[in-house]
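Both complexes below contain chain A, partnered by chain B and then by chain C.
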Partner chain A sequence: MICADLKVVRLILYLSWRDRLLCANSDMQQSRARLFKEYKEVQREKVADPDIQLVCDDTNIFKWTALIKGPSETPYEGGVFQLAFAVPEPYPLQPPQVRFLTKIFHPNVHFKTGEICLDILKNAWSPAWTLQSVCRAIIALMAHPEADSPLNCDSGNLLRSGDVRGFNSMARMYTRLAAMPKKG
Partner chain B sequence: MQNQNDTVKDDAELAASISAMKGEEWGCCSVEEPSFQEDEAAKVPYVGDKEPLSSLSAEYQAGSPILLEKIKILDSQYVAIRRTRGDGNCFFRSFMFSYLEHVLESQDGAEVDRIKVNVEKCRKTLQNLGYTDFTFEDFFALFLEQLDDILQGSEESISYDELVNRSRDQSVSDYIVMFFRFVTAGEIRTRAEFFEPFITGLSNTTVDQFCKTSVEPMGEESDHIHITALSDALGVAIRVVYLDRSSCGDTGGVTVNHHDFVPVGTNDEKKEEEASAAPFITLLYRPGHYDILYPKVLDDVEK
Partner chain C sequence: MAAKEIDVGSSSIDVGDPCPICLGPILQESYLDTCFHKFCFRCIKQWIKVVSSKVTKPLSSVKCPLCKRDNISIIYNFDGHSFDRHYVDPNITDGFVLTKEQRYRLQCYYTESGFLADVFDVPRFWKLKKLLQRNRWLEFWLRRELQALMQEEDVDIVLHHLVGVMDSFCKRTEQRHKQEAKRSGEAFQEPFKSVIAEAARPFLLARTDRFVDELELFLASGLNMEAYDAVYKQRLDKNKSREIGVANEAGVEEENRRTPNLFLFEEDTD
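And then the complex of A and B:
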C-alpha cells in the first residue's frame, strides 16, 4: 500500500509540473484528470480482478501496459499476454489505441502488429468504457473470436472452415511459444 | 501514418489525434480513417450563426417544388435558422445550444433549478444501472457549470458571444453532447420496457445493445427514440418541424408537419400549463439532420 501511495504522490507532482508547462490545452487537462481517476480505480480493483494487471507508465500517464491472463477453456489458457495502450489527447471522447505486444494467433488480432479489431476500440467506443473494462472486453474477445471479420485471415479461415482442432492447436502452440514463461 | 485520404486539412481534431499518435509504430488501420461525411462536416462549425430562412430556400433553388413551398410556409413562421454540423451529433448539439441560449436570454433561474433536480435524478439512474461514477461525472459537471455560468450575477457569468464560442469549442461542446448521450442512455435503459418495442422495430437489437452502439458512442445519429428519452429525462419539451417531400395535403394545400415531444410525468397543474404552450426548443428536421429554428413571435406559433 505504501508503495502505491508513493506512486500516487509522484503522479500528482508530475501532473502539477506538467500543468504548468501545458496549461493551455484543455483537452489534455480533461483526459489527464480522467486517467488519474482510472489510475486510482485500478489500484482499488487490483484484488477484484486478478486476471488483469494494468500499469501506467512512470512518466507518461498517456501510456499504459496491461498483463491479461488467457481465459480458461480456450487455447490461450495459462498464457499471460501483454497489451500496450496509447491514449490520445481527446480521451475519453476518443478510444485508446490498444495492441498485443505478445504474439497471439487469433482471428481478430493482426499477427504481425498486434492490432486488435474490436468495435469498442473503433466506432462503438464511448466514455462509459475504461482502460480496465477494455481489458475485460479483450479477454472476452479471446474467448469468443469473430471469425467473420478477421485481421488474421489464416486464423479466421480455420474457424470458418470448421477446423476447430486446427485452430486450437495453432493458437495453443503460439500461446506456449510466446505467452508462457520458459521453464528451467 | 498518413492515410490515403488527404483532404482532411480542415479537420483540426483529427490532425491533433494523429499527431498525438506519431512516434508510435501502429498498424496502418489503427488510425481511424475519416469518412467522407466527417470531411464535409468539418467545414461547418459545430454551431453556426443565425441565418435568415432565405439561406434555406437558396439551398433548394433547383429542388422539389414541395420543399420550396414548405420553406415559404416556414418563412412566415420563423425568423431564422441556425445550422449545426452534420457529424451525427446534430440533434444533441442543437438541443444544447437551443436550451442554453433560452436560459441565457430568459435568465430563468427557476428553470435552472428545475433541470438541476432532473440532472441529479439522471445521475442516480446511471449509478443504479451500474455505471462507474468517474466515467460520467466530468460530463455532468461541465453541463452544470454551463448552467451556472449562464445565469447573470455570478462572477463567471458569460455573454452570448461566449456561449457561441463555447458551443464551438470541442472540449466544451463535445462534453455536453456526451452528457446528453449518458442521460439518454440512462433513461432508455431504466424504462427498457417502454422503449423496447421502438428499438426492436427500428434495429432489431436489444435495449442494452442499442444504447451501447447507437446512443453512447459519439457521432451516432439520433431519432425519435433519443429525442423522447432526452426530453423525458430532463423534462424539456422539444418541437421538431419536418421538412421533407411528403405532401400532407388532405385539403389540397401543402402544410409543414411538426411534432411536439412533451415529457411524460407532467402531472401538476402548473406544469401542464407549461406543457400546453409551445416548447421553447424548436428544431428543423430534414432527413438525416437537425438544425435550430427561431419562431417569429412565440405566441403566434400555436395558432
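And then the complex of A and C:
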C-alpha cells in the first residue's frame, strides 16, 4: 500500500517537474533554436547576398542589427542603412520589431523613430519569413514606396502630388547626410 | 505487418527539408490539406493558434505561411494507410472522435475476409431469402459502420442512400420472387452485393468490397448489435492471442502490436 502511494507521489512530482520545465522552456527555447539556425544560415549566405549584412548581438541572440545597401536607381543608392531588430520571445510566431537607425526620408518610415510601416511586419507576418528575408522586403520597400499609407507625411505628400523630382532630391539629400561616409 | 511499423516520430525526421517555421528537421510530419506544404505538426498547430487568437470569431481556414493558400485542416500521422486531421475550426477539431466500438469495427476490417464464415451461415441466409425479412438493427449497425469507416459523425445522407438502395432492391426481389417462385435465393446474392457496392463506393472507396461482405455477414447473423459484437470480439480476441502465440514462438518481439491503422486504436488492447 505504502509502496503504491510512494509510486504515485513520485509520478506526480515527476509530471509537475516536467510540465514546469516544458512551460518555461517552450517559447524561449524554440525561438532561440530558430534564431541560432538563422545565425548559421547568415554565416553561410554572407557572400551570397552582398546587399545585406546581418549581425547578431554578441551577448543577446534576440538583438540583431543589419546593414543594407540602398537599392540602385533609387535616391537611396550608394547609402548604407542600419536597421535594428528586436526579436520577441514567441518568434517566429510573432514578427520581429524592426526600425531604421539611420535617418531616411521615405514615406513609409517614421522620420524621427525609424519605425517602418510594412504589412509583413504587422498583420501579414508569416513564420516562414526570416530576418534575412525581412531585410530583403525592406530593400524592396525602399525601391517601391507606398505613398498612400505614409508614416512620413511630407515625403508621402511629395509623391502623392506627383513631385517625384522633389521627393528624389530630398531623399538623396538625406541619404548623403546620414547614410554615406562623410567626406574629408 | 507489425514489423514494418516504425516509430513515426523518429522516421519522419528529414534533414534535407527543414520545417519553414522552426527551420529544424521536421518532427511529426504534417501537411496542409490544399497546398500540401510540409511542417512540424507542433509548429503549424502553434501558428494556427496564434492566427486564431487574433480574430474574434473562430477561424475556419488558415493561410499557408509559405504560399498563402487557404487550408481547412492539417493532415498528420500519415502512415501509408491512414492519417489524422486537425481542423482549423475548433468546432470540428473537438467534433468527431471514434468511440471504442467504432475502433473495434475498424479493427474488423483488418481481419481476413470470411473471418466468421464458420459461425454465421451465409449461404443459408440467401437460400432462405432472409434478406426480405428486415433486420431491425440494420440502421444502427450501418450508422456505426459508416461513422467508423468515413471517420465522420454525420453520415445520414449515406445511410439513407444505402438503406434506400437496399429497400428498393428488396422490393424488386419480392416482386420477381412472386413471378418466378422457382428461382433460388442464392441468385440474389451477387446482384445484391454489387448494387450495394455501387452505392457505397463513392463514399467508402477501397473499403467498399469489404464493407459489403461485413454487411452481408451482419445480415446473415440475424443478431442484434450487442450479440453480433460479442461474437465478433470473442473471435478477434481468440485470433489475437493465437497470433501473438505464433509470433512469440518465432521469437519476434511485438510489444506494440497494432493494426495498420496506426493511432486509431488504444495501445493496450488487452
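Just so it is clear, the second predicted complex is superposed on the first by the 160 of 184 C-alpha atoms of A that agree within 3 Å, B and C clash if a C-alpha of one lies under 4 Å from a C-alpha of the other, contacts with A are read in each partner's own complex, and residues count from 1 in each chain.
One rule holds in what follows: a residue touches a chain if its C-beta (ideal position, glycine included) is under 8 Å from a C-beta of that chain, and two chains touch if they have at least 3 such contacts.
For clarity, every value in this text was computed on a predicted model and none was experimentally measured.
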Combined model on chain A: chain C and chain B, fit or clash: clash
First (chain B), second (chain C), both or neither touched by A:Lys122: first
Touching partner for A:Gln97 - first (chain B), second (chain C), both, neither: first
Which superposed partner A:Ala48 touches (first chain B, second chain C, both, neither): neither
Chain touching more of chain A, residue-wise (chain B, chain C): B
Chain B versus chain C as contact partner of A:His110, first or second or both or neither: first
Shared contact residues on chain A - chain B and chain C: 30, 33-34, 37-38, 41, 90, 92-94, 123, 126-128, 130
Touching residues on chain C, where the partner in the complex is chain A: 18, 20-24, 43, 46-47, 50, 54, 63, 65-66, 68
Complex contact set, residues of chain A against chain C: 30, 33-34, 37-38, 41, 90, 92-94, 123, 126-128, 130
Residue ranges of chain B in contact with chain A within the complex: 13, 16-17, 20-21, 24-27, 29-30, 32, 131-132, 134-136, 138-139, 170-171, 174-175, 178, 181-182, 185, 212-213, 216-219
Footprint of chain B on chain A - complex, ascending: 26-27, 30, 33-34, 37-38, 41, 86, 88-90, 92-94, 97, 99, 110, 112-115, 119, 122-130, 151
